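Here come two complexes built around chain A, the first alongside chain B, the second alongside chain C.
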Partner chain A sequence: MFRGALREISRYPSAIFGLLVIFALIAVSVYTVITLPYHEAIRLWRGGEEIWGDNPRLAWPAWINYFVKDKRPLTQKRTSQDPGVERHQEKVDEGLWVDDVVYTFEYTADTFPQELTVTLYSEYKTKAPYVSISIERPDGKVIRLANLAVEGGKRVYRLEQDEKLHRKLRLPEHVSTIVGVFAEDPFVEDPRPLKGTYVLRLEGSRFEEDSTLESKAVLYGTVYGWAGTDHLRRDLSIALLWGTPIALSFGLVAAVGTTVLTMIISAVGVWYGGWVDSLIQRITEVNLVLPVLPILIMIGVFYTRSLWAMLGIIILLSIFGAGIKTYRAIFLQVKAQPYIEAARAYGASDWRIILFYMVPRIIPTLIPSLVTLIPSFVFLEASLAVLGLGDPVLPTWGKVIDEARVNGALYQGLYYWMLEPSFLLMVTGIGFAMLGFSLDRIFNPRLREL
Partner chain B sequence: MSEQQNGKASRVTSATRSTIARLARYTVVRLFTLFITVVIGVYLTILIANMGGFVDQIRRAQIREQVAMQLQNDPTFRSLPEEQRQQLLEARIRNEEKRLGLDKPFLVRSFSYLWDALTLNLGRAENMTSDSGSRQVRLIILERLPATLVLFGTAQVVLFALSLFIALHLSRNYGSWLDRLFVALSPLSSAPGWFYGLFLIIIFAAWLKWFPFGGMVSVPPPENPVQYALDVAYHMVLPLTALTLSSIFISVYSWRTFFLIFSSEDYVEMARAKGVAPRTLERRYILRPTLPTIITSFALGVIGVWMGAPIFETIFNWPGLGRVLYQAIQLFDTPVIVGSTVIFAYLLAITVFLLDIIYAIVDPRVDIGGGSRRA
Partner chain C sequence: MAVQTQTYAEPTATPTSGEPLLSVRNLRVWYELKKWGFGHAGYVRAVDNVSFDLARGEAIAIVGESGCGKSSLMKAILGLVRPYDGEILFEGRDIFAGGRAGLRWYRSQVGYVQQDPFGALPPFMSIRRILEEPLILGGVKNRQERLKRIREVLEEVKLSPPEDFLNKFPHMLSGGQQQRVVIARAMIRRPKLLVADEPVSMLDASVRVEILKLLRQIQSDYNLAVIYITHDLSTVRYFSERIFVMYAGKIIEKAETDELLWHPRHPYTVALLNAISDPDASNAHKLREVPPGEPPSLVHPPPGCRFHPRCKAILRGQCDVNEPPEFEPRPEHRVACWLYEQGDRVPPGYEEQA
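And now, the complex of A and B:
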């Protein structure tokens, strides 16, 4: 029967498309779960500056450069540990060691970088090393940025926050320091960045023989990876990748759980009849006026936001859904059939008849609705997340949409942030719906000629 | 010809009269069963909201804090010795708890909560206030009800009329490019309305700037009632489009399929062979017998959309019932959350009731005389 079904499916282009989408999603899920284990993903997603500090904030995905005329910069990171870095260490005097590092940045983008930071690390006993930072532009102009003592073992210099430099460069209020440093001419109406090689010089002085001085310079771009970053500099690709297995398993478990339980309950009602049947009917009617989403919200607010707890509650609230009435009508016909009579005659138990004789009969009619049901649960999870009731630890598509919305992605024009998870949700929804609709036609021949 | 019509007319009037009588009885029975359903639904809501006395604990903590704050601000209290201060505090807390009925066992309390909920005595909000400044949960919720009804009511009417019209048109022109387009687009309905809302906001509000991001009226609202209505309509364009987009394809698809199945029934073929005009055929032979089913599917759709109100209104910043619920979540305002849920249960019951009545009117097979059919 299934081979026949497969042959049927291959005749429907929309079914093939749906299947392809589903296979792709499954492949992504498997890849994600293998390459980025669950706990690692959670650790990364919940990490702070120490993990994500070197990423630009709110960066578009890098492929945007294929579509825009003004190419945007990628982030460039240099550390004093890098192989081939230009470094000069020498003892010049008693108690004075110079430790110079030169970083070069090739700048070819048409828009300005987001920020330039220099982080200095040092281990010393009493006298902190001293560093002066300067940058040489491609046109040969040298701008002194700062002189810092690396007190406390770590100092961070952020160009954008350097008010002193802003004043020194005599920049107008609305022109940021980074533009002042990187523009061809920061005083024109629409400044353009000066392309070429920028040389960042850190002239360090150590005052102790065994003190250390290491550094890291990051020229933050405005694009990152294939998914971009959010307001906490996190790489969105983690959430997008991990959202896939979560969405699939959530949708699948909820749909299968709901359908199978609904089916069994309705079969039980039909089989036993009498008060069991009417009780089930009454519960279904009560369930119809239960406001499911508000109740879910209530549970999310008062008790738990765990995705898997929500899943259980959703199944519980949906098993007495409208499906019971549909299945009941079919089961009533099934119950009257001779083979059931035969089973009863040879003494099959009630449960045996329900589970092995009645339920399997309606599985073919059930598969299409099951497949079509999956996206509705995927979207339900996203809905809860958008209401701020997403799982507190798991990165899901819905949570990305929620964070984008709450942080004003739409008002700031950061469309990628909202569109990426939305696109994945949409593709998932359409994939399952297309397959479900085609299956519906295959299993319900009456629809086939239409 | 005219004789025939006369006969038909008198048959119609007598049928109408008996329909009304049956309908009245049916309405009463149905209303009663639905009321019991609502009572059970609301009680379940209360049980869930107060499972394990969790909400009570929250309230106890709140009472303690409030009483302590009040006493702190009282200069005579501050001058009392430490021990006396503690005693006074505990006594006040006990009083307050007693006043709010927290000393009774949960079962008793749950029924008093149920009565309160059913009579819409929803208590006072903890943090939220209505636009008129009241703390009554009922006022907070009910003043938002019109906004929700305007939006979703309009959407349902538009959707019903549009779906029916398009579905009929497609079943007439079965196999045309438009027909195939709707069949191909039907999977789009797997996404809920708020999801389309996001896209519409991105395109028409953020990018093209044709429509507002959200809200119901401009700030400040226009004085003139006509302008006010126009302004509301302008704000409603995007939400309405989103709601329509999310359900139109699937309902058109399923209704059109339904019409097609019915139009191949023998009695329709027969009527067609007799030479019944296509319009009449459509109205009397196809639409009439399919109407009950269509109304049922529509009812489920309405309920589905109702359920989605909290998120939909949040996305569009629509100042309705759903948004109150969202705000209450953000502020952790228990009475408002429970109250909204109760109101939603009522609204669902009313919807189900109205649709039941409509169903009974259009489907003569429904035995509304009571007796054999359990309502």
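And now, the complex of A and C:
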């Protein structure tokens, strides 16, 4: 039966498309789990500023450059320990060491960078090293940015927050400092960035022989990776990648769990009949009028928001669902079949009859509905996340949508943030639905005539 | 042969040749009717005080119209329903007395051939799996041994070569082949008793004879006792040595096959025989006489003889008041009808050939 079904699937283009989508999702899941182990993913997603700090904030995915005329910049990062960095260290006097670093940035984008930061690290005993930062533009103009003592071991210079420089450059209120530094002419109506090589000079002075001075310069772009970043500078690709196995496993476990348990409970009720059947039917009827989503919200608010706890509760609430009634109708017919009587006559036990004689009869009708049920559970998880009841630890598609919504992604024009996870949800739904509907036609041939 | 009131000696453990294979004693299969789900509202007396013996290798036919209780009798004999009262003894052992183990042993001794061959075979199992199931349940652990027995039994029912059928599913076979598989399944544990419930009524006329011949041959090859249940007297002759006619939960006439077919005594049997279709052109415009009315309610059976409301030969004041005992108007021919209180006679409405 199943071999025949597989052969027949190849006759439905929609089924093949659905299968391809599902295989792609599975491939992504496997790739994700192997290349980005769970703990690593959690560290990257929940780690903090040290991990995300060098990413641009709210950056579009990099492939957006294929679709826009004005190419946007990628982030460029340099550190004083990079090989090939121009560095000059020399003792010039008693108690004075020069430690100069020169970073060069090729700038070719048509829009402005987001930010320029210089982070200085130092180890010293009593007198902090001193650094003066300047930038030389492609047109030869040199702008002195700041003079800093690296007190406390770490200093961060952020160009966008440098109001002194803003005043010094006499920029109008609405023009940001970064534009003032990177524009061809910051005073025109629509300033454009000056392309070419920017040279960032850090002229350091150390006052102790064994003190250190290291630095990191980041020229933040406005695009990042293939998925972009969120308001916390996190790489969305982590959440999108990890959302795939989570969504698939959640959907699959919920769908298989509820369907199989519902089927077995229903079969047990039909087989034993009497009070067993009555009890199952009454529980189902009561359960059918219980609203699932409000219960889940209550549990999320008062008890736990763990995805797996939610999964268990969803399965529990769905077992005694409408499926019980549907399967019961089929099982009642199956129970009356002569082969059941024959099985009893040759001594098959109750459980053997339920599992080997009744259940297989229902599997053809069950598989298509099982396949179409998977995405509905994936959507349910996303709905919970959008309602703010998402798992607090796991990165899921629903959580990304929720964070995008909370941070007003659509109002700010950050469409990628909300559309990427939505697209994945949609593709998942379409893939399973197309396969499910085709399977329905294959396993239930009567539908073909409709 | 058994008489209803007969007492019987406690059977010995080792069956002797004289002992019947199956003894049904005062069997009652009553189904309780419930009111409001728990209150008692009476019983459906599907089988009411039935007794008979079946010898080894003997074939009997139980004949009756739909709803006469023959299926309930059969289910009780198969151990599928528990009788309300009475006993079913197989080789002297009560089949329900030994608990689960006793019933399991008994079931390995009984084969069951059903009416609708397609319905009798699980559509999602291959023929091999279908035939394997009784063996697995019978405790044959070795796969090769099971397969060997399956091949053997497929040859027996003339489905050869077996390899052609092992991996097929029931819907790939013709009705006759399906029924052969059903027979193979019934025979696979080498039973001593075969219960056949209208085994040919759903088959094409062309296949019927072959299946009946096959059953007949298996019966004689293995000295098998057969209970053949049917509503159709025309197929009975192929098969059985004795015929029991059932009406409204009771056996009303028992006789050897030819004796019963040529010398029916109970007015109901006469009506049944008259109703057998006869492919004769002169019959085309003749209306057959069938007993008027419907079979009686089994919840409130009529008093006296249960056939009396439909009987043309009713003796007022007797048939509608007193239940007839068994009379023996002819040797080895028992009939529960007041007409034969005084001895043998030709029943009204029947033309008996000499």
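One rule holds for everything that comes next: the second predicted complex is superposed on the first by the 448 of 450 C-alpha atoms of A that agree within 3 Å, B and C clash if a C-alpha of one lies under 4 Å from a C-alpha of the other, contacts with A are read in each partner's own complex, and residues count from 1 in each chain.
As a convention for this text, contacts are C-beta pairs under 8 Å (C-beta built on N, C-alpha and C of every residue); 3 or more make two chains touch, one makes a residue touch a chain.
As the structure is a prediction and not an experimental result, all values here were calculated from the model.
**Student:** Would you mind checking whether chain B and chain C clash or fit side by side on chain A after the superposition?
**Tutor:** fit
**Student:** Return first, second, both or neither, reflecting whether A:P338 touches chain B, chain C, both chains, or no partner chain.
**Tutor:** Second partner only.
**Student:** Would you sort A:A433 into first (chain B), second (chain C), both or neither based on which partner it touches?
**Tutor:** First partner only, chain B.
**Student:** Between chain B and chain C, whom does A:Y346 touch in the aligned arrangement: first, second, both, or neither?
**Tutor:** A:Y346 contacts chain C only, not chain B.
**Student:** Output check: A:L387 vs chain B and chain C. Expected answer is one of first, second, both, neither. What do you get?
**Tutor:** first
**Student:** Which of the two partners, first being chain B and second being chain C, lies in contact with A:G413: first, second, both, or neither?
**Tutor:** Only chain B is touched by A:G413; chain C is not.
**Student:** For A:L279, is the partner it touches chain B (first), chain C (second), both, or none of the two (neither)?
**Tutor:** Touch status of A:L279: no partner.
**Student:** Quick one: name whichever of chain B and chain C touches more residues of chain A.
**Tutor:** The partner making contact with more of chain A's residues is B.
**Student:** Looking at A:Y357, would you say it contacts chain B, chain C, both, or neither? Reply first, second, both or neither.
**Tutor:** second
**Student:** Chain B to chain C: minimum CA distance in the overlay, Å?
**Tutor:** When the complexes share the chain A frame, the smallest chain B-chain C C-alpha distance is 9 Å.
**Student:** Let me check the overlay on chain A: which residues of chain A are in contact with chain B and also with chain C?
**Tutor:** In the superposed arrangement, which is not itself an observed complex, chain A uses no residue for both chain B and chain C.
**Student:** Taking the complex as given, what residues does chain A use to touch chain B?
**Tutor:** Going by the criterion above, the answer is residues 14, 18, 278, 281, 285-286, 288-295, 297-303, 322, 372, 375-376, 379, 382-383, 386-389, 401, 405, 410-411, 413, 415, 418-419, 422, 425-426, 429-430, 432-434, 437, 446-447, 450.
**Student:** In their complex, what parts of chain A are in touch with chain C?
**Tutor:** Residues in contact with chain C: 1, 337-339, 341-348, 352, 356-357, 360-361, 363.
**Student:** In the complex formed with chain A, which residues of chain B make contact?
**Tutor:** Going through chain B, the ones touching chain A are 33-34, 37-38, 40-41, 44-45, 48-49, 51, 54-55, 174, 184, 186-192, 194-195, 198-199, 201-202, 205-206, 213, 257, 260-261, 300, 303, 306-311, 314-315, 325-326, 329-330, 332, 334, 337-338, 340-341, 344-345, 348-349, 352, 374.
**Student:** How about chain C: which of its residues touch chain A in the complex?
**Tutor:** Result: residues 78-80, 103-104, 107-108, 110, 112, 114-116, 119-125, 133-134, 137-138, 169, 182, 185, 189 of chain C touch chain A.
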